[in-house]
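Shared between the two complexes below is subunit A, which has subunit B as its partner in the first and subunit C in the second.
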Partner chain A sequence: MNITVKLFATFRTGRFVTQECEYPEGTTVASIVETLGIPENDLGIMLVNSRHVALNHKLSNGDTLAIFPLLGGG
Partner chain B sequence: MDKIARIDMGAPGGPKVTVGGLGEYAGLGGRAMTSLVVAAEVHPLAHPLGAENKLVIAPGMLSGTTGSMTGRLSVGCKSPLTGTIKESNAGGQAAQVLARLGYAAVILEGKPEGDDLYKIIINKDGIQVIVDNSLKLLDNYPLVEKLRAEYGDKVAYMSIGSAGERKLLAASIACTDPELRPTRHCGRGGVGAVMGAKRVKAIIIDDAGMKMRPPKDPDKYRDANRKFVEGLRKHPVTGEGLPAYGTNVLTNVLNEAGGYPSYNFKDGQFAGSNNLSGETQAALEIQRGGLATHGCHRGCVIQCSGVYNDKDGHYLTKQPEYETVWSHGGHCGIDDLDTVAHLDFLDDNIGVDTIEMGVTIGVAMDAGIIEFGDKAGAIRLVEEVQKGTPLGRVLGSGAAITGKVFGVERVPVVKDQALPAYDPRPIQGIGVTYATTTQGADHTAGYAIATNILKVGGDVDPLKPEGQVELSRNLQIATAAIDSTGMCLFIAFAIMDQPETFQALLDMLGSFHGITMTGDDVVALGKKVLSAERDFNTRAGFTKHHDRLPRFFYNEPVAPHNQVFSVPDEELDTLFNW
Partner chain C sequence: MMTTLPIFIREQSVSRLLPWKLQIEAAERFGVPLAQVEEAALERGILPARYQRNRTTMTVGDQLTLFRSCVAVIGCGGLGGYVIEELARLGVGTLVVIDPDVFEEHNLNRQLLSSPAELGSPKVAAAVRRVGDINPAVTVVPHQAAFSPANGSELLADCTLAVDALDNIAVRLELAETCRQLGIPLVHGAIAGWYGHVTTQFPGDTVLQKMYASRSGEKGIEQQLGNPSFTPAVVASLQVAEVCKLLLKQGTPLRGRKLLIDLLSMEFHELSLNEEDGGIP
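Let's look at the complex of A and B:
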């Protein structure tokens, strides 16, 4: 299935901004995070199609996954 | 900080300065000082631009010490924009310098007859109030440049631009940063108009010959400050994200989460967001020889600001904040950082609140005065404010006035103050804060974005109404307390997540005053401030019916979540029950 992965802030360093990739059915957020070499401790929020998800969330074909480190501002 | 100065600008024969003890205000600072003075001393039905209103200027409880992050200055009054009580705080150098001179508050009272314009000089020898009509209608950058020629670079300047002199409702009070740039503003609520009504153009604060304020227990204070700084440096938000990208790192977060209001709150996402993002902005600043990391006052370890140069490498403005980039950017359908930076410079120079000004331009676009996305048009409209034309005066009086004048229905305000950069339909917690805060729509009053979206300090689902009132209540209490300490609110990201960093803050407060501070004491302080503010607003005529969002947030679902604001009115009405 086709997933669009978007990375932000420090997660872009040495990786990419946006990438479309084929993943096997049943792929979870956790497995993509692991593939990207992002340590779990560095994770802030993950959004799939603009909704917050947990690491064990299973992705569907056509999903957009956005991965952020812990951020703040305001 | 053992004295309060009162300057009666309307005294017979000219302004009169009286310096007295702290009295019933002993131990207060920042927002606690400004709000308790205004609540006790200003008639709630006073005209905000009249002699009965007071402008209270107060450094925080820890300002002027060796403690880091203690440089926030609070300004309070009855707001001409909202009609409520108002506290607006800013960074820059003023709080530290004023605190070292020993003033827990400087209170501008009364109103002079005639057209004379005054400057106030505060130094170790006392306070002088001097007529200086050569400053008339100077905007903040040329004003500070002129004052520097006379008073030098080792002082802090507070000033109003032409907007404050014209008593426009979006007018701010500028504070200079360490490089003497008038970039840190008490922005919200028209506090600059109150200073202008009192005919005070500038306050020059010179702490030459003064020392750091000494703690009661210096060893414990030093130790607590060290732990506090360690905590800020190790938290990813205060130690990495904010220094590297500034507050504008939020553009991509809010856009991805569908809570980024665009085209005057018609959509929850913006196609041009990447061009406006903190990541793009930081890279551009570095590429042009500016700075992506900069502190707004000495002693800041977060360094969330920066310096934005133009394409030729010349200073244009400080790094525009997230809310500024949003209000002049996506809200107006503009995706160009150079345009946003130009508008940020104009706002700082004229002396208007960047949130109010940007939201107003978007409302003007909705009225058809210019098209959404019209970059040159947006600059032209702000230049109208600078010139003081009739159109400029309308726009400079904010979104509510502009909406009324031009017959716009979709006007994003609460108590006539413009909503900031977070849509309350997909982020229900911030909607509760907008609706209920004593200040008119304000994100900082109870920053539910942290918990709803960023998942710092807890996790409450942004899309559901459940739990939002309790969340906002707790944040509003904590914020009122932090705003009283002189600490930058951004310390909250670290103290909410790290108990040892919160303890270090308590130890700083306790060891400075020679007492023991607990979390309960902080909560009690926050409640005391909010209760005084709420009581003032009640006496000023505000009821529960004012604690609501504009109707379109209840009637018009917004993409991508297609939700409306759904926290029940009865729940909103319980926010201040304690």
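Let's look at the complex of A and C:
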């Protein structure tokens, strides 16, 4: 299935800004995060089609996944 | 007839402006705090001259509303320093400032209230001194304490709203819960490196809770990136604009929306958050 992944802030470094890619059926957010080599500790917001999702969320063909790092400083 | 404070203000004001020198003179002559002179002037439609460039962004009535407002700033570091500075210059009458820490050398690159002379001083004490320097008509209520669910309701009891300038995600969520209990809005900001975000949460909204639901720690990528001088200034200024609008009931706040700021790419993204995502019920 076809998934568009959008990365933000530091997650773009050494990766990409936007990428369309083929993934097997049943792919979860967690598996894409792992494929991209993003440490789970750095994960902030994950959105699928602009809605908050958890790591175990299963993606569907045509979905757009956006991943933002965790910001906590003040 | 004996001259009273209101008569003095009316007679001495020039083009409905009260110059600072006369505000001090009135306070000394009538033995009242500068804040009382400010309120008496504003109540009579006379603007302390220091606020003349606030016109026409806000009316004299708006300025009185700001004067009678009490805003809590939780955290007096990178974000908090700028937030306090801007709220004091804006003319918000009472600031409750909360922070347990003293200034350390690694604060000097970005924290407005810090300076070599302030190293080792409590951050809230520096806030009192700074506001005393720039706008002595503003009352600062300092609490050198860590915000917690145990003291939160008491610390924020008299506040119209709260500004999140914390550096710890768990405490942010505790602050959000305290604001919900007190029924006051919360203006959230967080930073790391070139990046930041801002949102405004009303009682009952759960944007913060949803936003931080997947986190595993108390800190974000600021642990690796640190924070340069400009990111807190940008995010704090956006927070103060939100506070100003909420206090004056003007404009459109970032409710149910989250502004994501990337100063490296110079991109501003807005996320719309519906009820399921913690936005407007």
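We take it that the second predicted complex is superposed on the first by the 70 of 74 C-alpha atoms of A that agree within 3 Å, B and C clash if a C-alpha of one lies under 4 Å from a C-alpha of the other, contacts with A are read in each partner's own complex, and residues count from 1 in each chain.
Just so we're on the same page, contacts are C-beta pairs under 8 Å (C-beta built on N, C-alpha and C of every residue); 3 or more make two chains touch, one makes a residue touch a chain.
No experiment lies behind these values; they were computed from the predicted model shown.
Engineer: Record, for the superposition on subunit A, whether partners subunit B and subunit C clash or fit.
Structural biologist: Superposition result for subunit B and subunit C: clash.
Engineer: Considering only the touch criterion stated at the top, classify A:69 as touching first (subunit B), second (subunit C), both, or neither.
Structural biologist: both
Engineer: Quick check on the superposed pair: does A:40 touch subunit B, subunit C, both, or neither? Answer first, second, both or neither.
Structural biologist: second
Engineer: Between subunit B (first) and subunit C (second), which does A:50 come into contact with in this model arrangement: first, second, both, or neither?
Structural biologist: Touch partners of A:50: subunit B and subunit C.
Engineer: Does subunit B (first) or subunit C (second) touch A:10, or do both, or does neither?
Structural biologist: A:10: touches subunit B and subunit C.
Engineer: When the complexes are fitted on the C-alpha atoms of A, one of 91-99, 145-153 or 361-369 in subunit B overlaps subunit C. Which is it?
Structural biologist: That would be 91-99, the one stretch with clashes.
Engineer: On subunit A, which stretch or stretches are contacted by subunit B in one complex as well as by subunit C in the other?
Structural biologist: On subunit A, the residues that contact subunit B in one structure and subunit C in the other are 8-10, 12, 42, 44-45, 47, 50-52, 68-74.
Engineer: Once bound in the complex, which stretches of subunit A touch subunit C?
Structural biologist: Subunit A reaches subunit C through residues 8-10, 12, 40-47, 50-52, 54-55, 68-74.
Engineer: Please output the residues of subunit A touching subunit B within their complex, sorted ascending.
Structural biologist: Of all residues in subunit A, those touching subunit B are 6, 8-10, 12, 42, 44-45, 47, 49-52, 66, 68-74.
Engineer: Would you tell me which residues of subunit C are touching subunit A in their complex?
Structural biologist: Within the complex, subunit C touches subunit A at residues 75, 77-80, 164-169, 172, 189-197, 210-222, 225, 227, 232, 260, 262, 264-265, 269, 271-274, 276-278.
Engineer: In their complex, what parts of subunit B are in touch with subunit A?
Structural biologist: Interface residues on subunit B, with respect to subunit A: 235-238, 240-242, 244-250, 252-253, 256-258, 269, 278-279, 304, 321-323, 443-444, 447, 449-450, 453-456, 461-463, 489-490, 493, 560-561.
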